[in-house]
């Protein structure tokens, strides 16, 4: 009995650790690259249906989260959402979400774009990278596991590292 | 040893030549020392087999040990001077009218910029440096993410690219040819595939290349090419890559304005052929596991159009 | 067989200072900790040397608490010395009394230390200056705390535990270590509080 | 006599039973545990090396991917440096130093036991993490920013940094125990200049440990702070500097090499003197060279950083120092040759290892001179040339003498001889395999093959030499298996050794094999450097040390005159408990800084349990006794 529980516990730790640590670059493969929604052409922006998945596969994966963080600046999300603090676009560190802070909602927001400036990235950002961005955006409001979320970056200390953000339950506000 | 396109013992630049001279000096000195010591050891052991051989008087032994020590000290000081002299000589390479290049190391590729007072004349390329023969070249080295190290054994030793710092390496190529370099500081998953080429050519050829590089990308001349450009401008490519003369202005991947003129893809991982290019774009993680280039899930015709277009970027 | 023999049966069962084992152990620890302090201080100066101005973009730490604490620490050496010499005179009663007095000083010091942290005028995650300042102060605090707990245990033994005369040696070396912690503080104080002002 | 020895045995035996096994404090028990554990990690590190060689055997090999390869070479370096080499060289000291100085026990035995547990738990921790795919993958040198918070993804770098804390704590503790033992527990008459060379090398090494290891402790701690709570020590954008890491790391990292190397030189002196049956020539010259090496060893760290673009003027000093450090080593080699000059040498296996040292190590030393030269280093730095160099130095200069030393001392530790036949076969294969593996790597490096690449393209022409090297690696692997088999077989059925099978000169050979719990009875005194070879019957013995309680004779630092007799700590389970608590604290602090605060509480309790006296009288009673003047006169104790 005891041994059984021990084995189970060990297995859980093992899976947890592996999920956190595995470098899942292989997943950026042709098969998984397209958004999970049926679309006529990748070149046609907007109008993407909500994704099949409800949560991001990178929620607790350190590699995916750090990739998300890299893409967040590489794809110039900073331009509007400066470090998540907000600017032209809304802040992402707080608990207020105009279009909802659930993973699939963020996913749709990135792919379809939103009125007042949020462009659609459908056909521009491969599916897995979208999910990586989703997870990273969630980590900005502390909604990813502390041990997987990115730590401070080699940059000016503009904001608290994601792994030290206290979690804020997202509230869908519909307005800024 | 292969074609020695990446060998410190096959110097084709003044700096590397000086180092390899020093190497051979040290090599032969070391060989002599090594043989001498082993002979002494053998003799010592051999004498033991003779019955009459007794312990040497401590005085004689002391004399010999002192002598040996003295000799080693002299030898070492000699080598020290040789080393310092070589260092000075290498420092003496004048950098006036040197060609100024800026290399930035990324995980896992090299961004190369030819500096120019007038910004419009600056040229940015990647993973390939064209340099004129016989003219000093001053390369300033920076790192975008982690520490890398710039190393072309045939031309010079290595110098690190360190975040927050700028290093300088000055070299000069004496013989035209293609010399391979490689990142020498462990920098993560694909440290093994972070190579580049230095193409040394006569100065007029070099100037021709440079002017050619300054021109923006030619406009597409056929419907297929147009749709290829569309993939770049409205598809995934422009998120990371720049092609001057188009709307593609991403800054986190290599500049593709003249990608067709380069000899390799993915920083020296595969030769730059249409087939290789196709499979690289199709599934980069298969060719270079962990590379920051994602596979974008383009449809077959999108892929063909894209490759066709990229082939025109000469 | 009648081999010549050295008879050591008359030798004493303990010795103070460098003749004893505990002294050498303490010295070993002091060497290690000392090396650590030096290295962090060198780190401080290294970072200072690389920064155009110091402190970069922050007010220097307030002098008040730090200076007060320095005085407390220096004052604590008096009971410390009394405890040490009492121990070496096998005056257990006096030794444990002075040890408790020294402990009172240490306690006061630790409390004031909290205010020190609060008046550094920089956070550890603000920039490298903040990081090294906090680390320097934190490292010293850990030493004060460990020696404090250590002394508490010793005092507990001296009052309630079964005891042996050899405890006098431990007590004397414990005071030696306290001297080290005090001495180590002076350069650290100079760096944390005065380097930003004189720079 | 035998009544007394029985009494001594009863007094000094570790307690029986499982609990007793966990409470053991006998330096021989702990020493054996250290040695066995270290060799265990040696096997793991070797397997990792073999895996790498298989991957590199041919170009574009797909055996293991970059992620696993990076973890494996990091594990290999970390294991060999922190879990094998340093613990092993200190472990030989733990077992033999007290015996060689004629002491009844080792100083601070409980601390020593704690040091072992911390080391063991640290090693287990690293390999459990590796199994959980949290094995470090940033290299054993953990350069930032690659190991830093932004690019060192997940917890892998933290695992490395915390392993450092484990092993350094252990190493520092053992160093303190060794220094205290060597300074205070030497047999009467063993003045400093009569200390056996191995003991002296352990003394020097311990001092190097004490002053070098704090540097890497600071480095790893600041790294964890950077990663966990967002400090900026290594963040160039906020006043930090990646080069600071390299200074802190190599200020430890280079002395580390000598920490591994000096004890091996001590063993060399022992082996050569025993098997040539002569006192080592220039005993004091050798002592001096060991010391000089240690001192210069702290002034050469920058030669690992020549490629970072430091100011030219500064680095020429380090070139000079790095070249001059060859001199003391040279002196030693010359003295050893003088020792062998015309001697009647017995070619038993340990001696073969000693002779192999000359053939292999000198090559490593000479390539070391090349690496000290800035221009040349710029070419070969971070290439396979350096891989070859460091293995010639560390395996030729350290592992070969250590394996020889193990052969030499095995009879003393177990009472049985190792098989000479198997021993010689293993030696021959190891010697061939080693050179086959590492000599080609010099050439590979010069022909442009960098280190730490998980594969290389076909057209580079590196395939043949790599294949050769891989073959050699397999040979070495077989050799070590034979060596291991020899140990296992001989442990059971080897020839009975007797007190002094090699007719060796030092004190450890004057007691039975394996030595009794109390090491010696009667306690010896010495009149020279080679006690056994000097007429032992006129040499006096020590009498008057109690046998019914754990009493140890403490002597003066310089001339080892008897000073006082101290009662020694009993075996105790508390070191184990404390180690467990501290382990929890260390591992927890990878995930949250609060683990330190929370862990401090049980740690305090463990400390109380450790230090609270078990026997004695009530304070009041003692006060009355003391005030009645019932204590040794002050002039005796002050």
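Labels for the chains are A, B, C and D, by order of writing; each one numbers its residues from 1.
To be clear about the criterion, contacts are C-beta pairs under 8 Å (C-beta built on N, C-alpha and C of every residue); 3 or more make two chains touch, one makes a residue touch a chain.
All figures in this text were calculated on a predicted structure; none of them were measured in a lab.
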Innermost chain, taking as reference the mean of every protein Cα atom displayed:
D
More C-beta pairs touching across which pair, A-D or B-D?
B-D
Just curious, how far off is chain C from chain A if you go by their C-alpha centres, in Å?
48
Chain B and chain D: spacing of chain centres that average the CA atoms, whole Å:
38
CA centre of chain C versus CA centre of chain D: separation in Å?
30
Listed in rising order, chain C residues that touch 2 or more other chains are 125-127
At least two other chains touched by the same residue of chain A: list those residues.
23, 152, 154, 157, 160-161
Tell me, which residues of chain D touch at least two other chains?
67, 145, 150-151, 226, 229-230, 232, 235-238, 241
Taking the top-of-page definition of touch, could you list the pairs of chains it picks out?
A-B, A-C, A-D, B-D, C-D
Chain B to chain D touching residues, read off their complex:
1-9, 16, 18-19, 22-23, 26, 30, 33-34, 37-38, 40-41, 44-45, 47-48, 50, 53-56, 58, 61-62, 64-65, 68-69, 72-73, 76, 79-80, 82-84, 86-87, 90-91, 107, 145-147, 149, 151, 153, 156-160, 162-165, 167-168, 180, 182-192, 289-290
Counting only contacts in the complex, chain D reaches chain C at residues 107-108, 111, 172, 175-176, 179-180, 183-184, 188, 210-211, 213-215, 217-218, 222, 225-226, 229-233, 235, 238-241, 244, 247-248, 251, 522, 525, 537-545, 553-554, 556-557, 562-567, 604, 607-608, 611-619, 622-623, 626, 631-632, 634, 636-638
Which of the residues in chain B come into contact with chain A in the complex?
163, 189, 230-231, 234-236, 238-240, 250-252, 282-286, 289-292, 294-299, 302
Footprint of chain B on chain D - complex, ascending
65-67, 70, 138-139, 143, 145-146, 150-151, 236-237, 241-243, 276, 278, 281-282, 285, 307-309, 312, 316, 319-320, 323-324, 326-327, 330-331, 333-335, 337-338, 340-345, 355, 358-359, 362-363, 366-367, 369-370, 372-383, 443, 446-448, 450-456, 459-462
In their shared complex, chain D is touched by residues of chain C numbered 1, 3-21, 24-25, 28-29, 31-33, 35-36, 39-40, 43, 46-47, 50-51, 56, 88-93, 96, 124-132, 134-135, 149-150, 153-154, 156-167
